[in-house]
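Following this line, the structures themselves.
One chain, chain A, links the two complexes that follow: it is found with chain B in the first and with chain C in the second.
So, the complex of A and B:
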């Protein structure tokens, strides 16, 4: 029953985003209803992200959309990890929208991608989160199990 | 068997109270001297004064789960009537105001709109929400849009299908343990889901869990309520002692399940020592600051390079391995100053030596002092455990003895009372040593130590009787002796606690550490 629940909603979403997506967001692959890949681009001339494309990986659990999906940036030869004070260099994103507290089941893949896109657009800091190196070296947790502390909301 | 234990522990806690009553009777006798005085008003006042609880006993109330529910319901009903809002809304408002009814009513009267907003309630007076079939509705969560789909919305109008709502609520309640602050699933909408809507939507087992979580927030929200920390105990205890008064009282409470604990810090009963002292003591005992103390008491440092040296034999002419400094182990002075009288160090007045020796002696005394108190503290802790073991063993034998000698179950209960007395008295004794460790000497400490000594002697005597072989225990003479000693122990304990609590309340103890501020480190709690 829950699997079906997620499946129904995901196939509807897929149907919609296969037809149309906002500019700068592209569906790369959605082979099944567990893992999707999307590409995003920053549309304005922000020098930090100029001429770059970034790869996002979405993983859905059977409780989606009651629970948020797991969303990370993936590193490939032509797809770097964007520099941002809330994005660790291993691709893990610290965004309240993706945690149990900030998530709302009304959110969807498209709205997450748009939020991330605007999060990059609005950023002017050429830096990684505090303690990035240590976190990337030591972290064995999956993003959903990390207790992020959302300390600033102005970036 | 468990219920028997509970029953007995209740009994014995009443026993605890008995000595006070008899004390009151004695002092009451003195009052009769004034009987010929015509002013009866003063007399009756005195009567009231004497009926008062002993100083060390604070008033508290135990609430069972049903009582907790009743209290909440009463408050909710009251607010419901005064403010003419639904019971569910009253509950949400009360939770928002941490059950401070007066403040809620005052604020609500002043600016109802803001209060409702902040608490997560809608301002519209729309009718209570219910499950509905709305034509043309498509659920934003599951994208379902079939005809006849049941849907639900709070007053905010964010409508989702019943199934999604159910999933959402079960995720919040089961996985996240959330109850009092579950919001509408819509993004950015902070309307709180009330109990009535929840009951409409979810299955019975989830409702039960939800209400359990709500109960918890009631106890956790109120400063005057605390859960009994005993395993599996569902009761809560109410006590009016404030956090800032914890340096004046030791608020020991006793739950209906028999567990005695401190309302201030939830640790086991630690009268007569105040919470802050207990915290420092436990930290000191757990710390390895005492390792450092051992090192300083049993080793010396090279006066030049400060390397730690433990002398394990040989002569007093030390040459430091590291810096090659030569000194005398006895007086810590330079070896070159020793002149011709080399092997019997008589240079006691030498300046270079006295400073080093003073520091050494101080740390040695401090360690000895700590160990003195710690040994006695640990000893009572262990003995209390052993007494309990002995009691359990004895209990079995007593059952046997009952069968053989024809003594009834009631007749052997004196052993239970003795065991209870031993345990509570040892618990008290244990903490008197931690208390004494931090106490600065004055006239009061002598009285305290005398009380401590009396209690300790009585306890040891009782403990000794208690350990006699079972055949002796059955003898009527020993039985009477044990009963006498038991009540004597309880009396001594009451006297000791009365005295310490009285002085604590009046701020007459002086401690050698700062008890209020957390600035001083317990590790260095030595006399200066």
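So, the complex of A and C:
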């Protein structure tokens, strides 16, 4: 693939999402074509996420969109890590769409943000993944290098 | 006998290191020993492209094509040289030929060559567009000038000279003259309006229809291929994806490059769209 492949596609995505994004998803910054920040909100009255805004960090490699971007929640004073059985307390997300197997190049930043939004909307369990503490303490790997075991994908 | 191979390898090494002058010289030496080697001509052509020696790059490509008419590299380099020389039709036809050969050989440079085809289309359109804008501007000026001359003639016909007029008679002449001038002014306004209306119409519809866009690269498609599910993608994009994961991007069903079929109608529609909207190649 030509080097500018990822850059070209990302600049087009940026152009598109700068004009319009679905409700509850906001572009915070996209200063370069390597790292973007977005905020998401859950729109219904799910008590787990009521009145909260969450910060997402997207990192793209030069092989995007053939390879998935790396997407994590970021913790800030006013941006907690949402509670969910597939989201570790350090912000790492276990979602098959973001893994090498589940990814498809027709996905994009907007569709990922929407998937995460509905992943939260549909959740009613007030819990972290199994072994969260241990994982957060011990993990030195980048999200894309972690072999998640995608159990109960219907959550 | 190993000498030309050594010279070529050394040339390649210099080329990789960005020393195009030395690379070109080494390929030239190798060619003295081995003038029937088509790869030496294409390598030297690439070095000459880097050195902006367009004409001699073209000569090398021609030498290569005499020995090996289906050389993808020769067609690709030839296209680049023609593009630099603004010979847009030649640039495009060699780019398309290189693309065709690249597909046939399942070569890895398909992405690069696809992007180059689009660039040729874009530059050809740019050139035409510049000419069109210039000619429209000139035409407008000429028409306005003709009208101006018409107005002057009409005023002159009324019998000039009654400038420092003599009371009543002069007053009536001035009124008639004003009417005539007013009439010509209206004509000129209308002409300007017509030109004005022709202008923004070109700018207005700068939207690329979704059907022309590849969902993977987000570019206008050059060589759309259709999958079993009926969805079309740019060949270079989907082949790159299938290399990593032989699955349909939408359904995840098994999908192999041999399952892809060209979508000829869509290809023609995209070609026509870019022909009329060259800016879209760069969207």
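Criterion: the second predicted complex is superposed on the first by the 152 of 155 C-alpha atoms of A that agree within 3 Å, B and C clash if a C-alpha of one lies under 4 Å from a C-alpha of the other, contacts with A are read in each partner's own complex, and residues count from 1 in each chain.
Simple rule for what comes next: a residue touches a chain if its C-beta (ideal position, glycine included) is under 8 Å from a C-beta of that chain, and two chains touch if they have at least 3 such contacts.
Since the model is a prediction, treat every value here as computed from it, not as a measurement.
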item: Combined model on chain A: chain C and chain B, fit or clash; value: clash
item: Partner chain in contact with A:62 - chain B first, chain C second, else both or neither; value: neither
item: Chain B versus chain C as contact partner of A:115, first or second or both or neither; value: neither
item: Against chain C, colliding segment of chain B, chosen among 163-171, 235-243 or 289-297; value: 163-171
item: Set of chain A residues, in rising order, touched by both chain B and chain C; value: 2, 5, 8-9, 12-13, 65-67, 100, 104-106
item: Of chain B, residues touching chain A in the complex; value: 140-144, 160, 163-164, 167-168, 171, 175-176, 185-188
item: Residue ranges of chain C in contact with chain A within the complex; value: 111-112, 115, 215-219, 236-237, 240-241, 244-245, 247, 249-250, 252, 283
item: Chain B-facing residues of chain A, complex; value: 2, 5, 8-9, 12-13, 63, 65-67, 100, 104-107
item: List of chain A residues in touch with chain C within their complex; value: 1-2, 4-5, 8-9, 12-13, 65-67, 100-101, 104-106
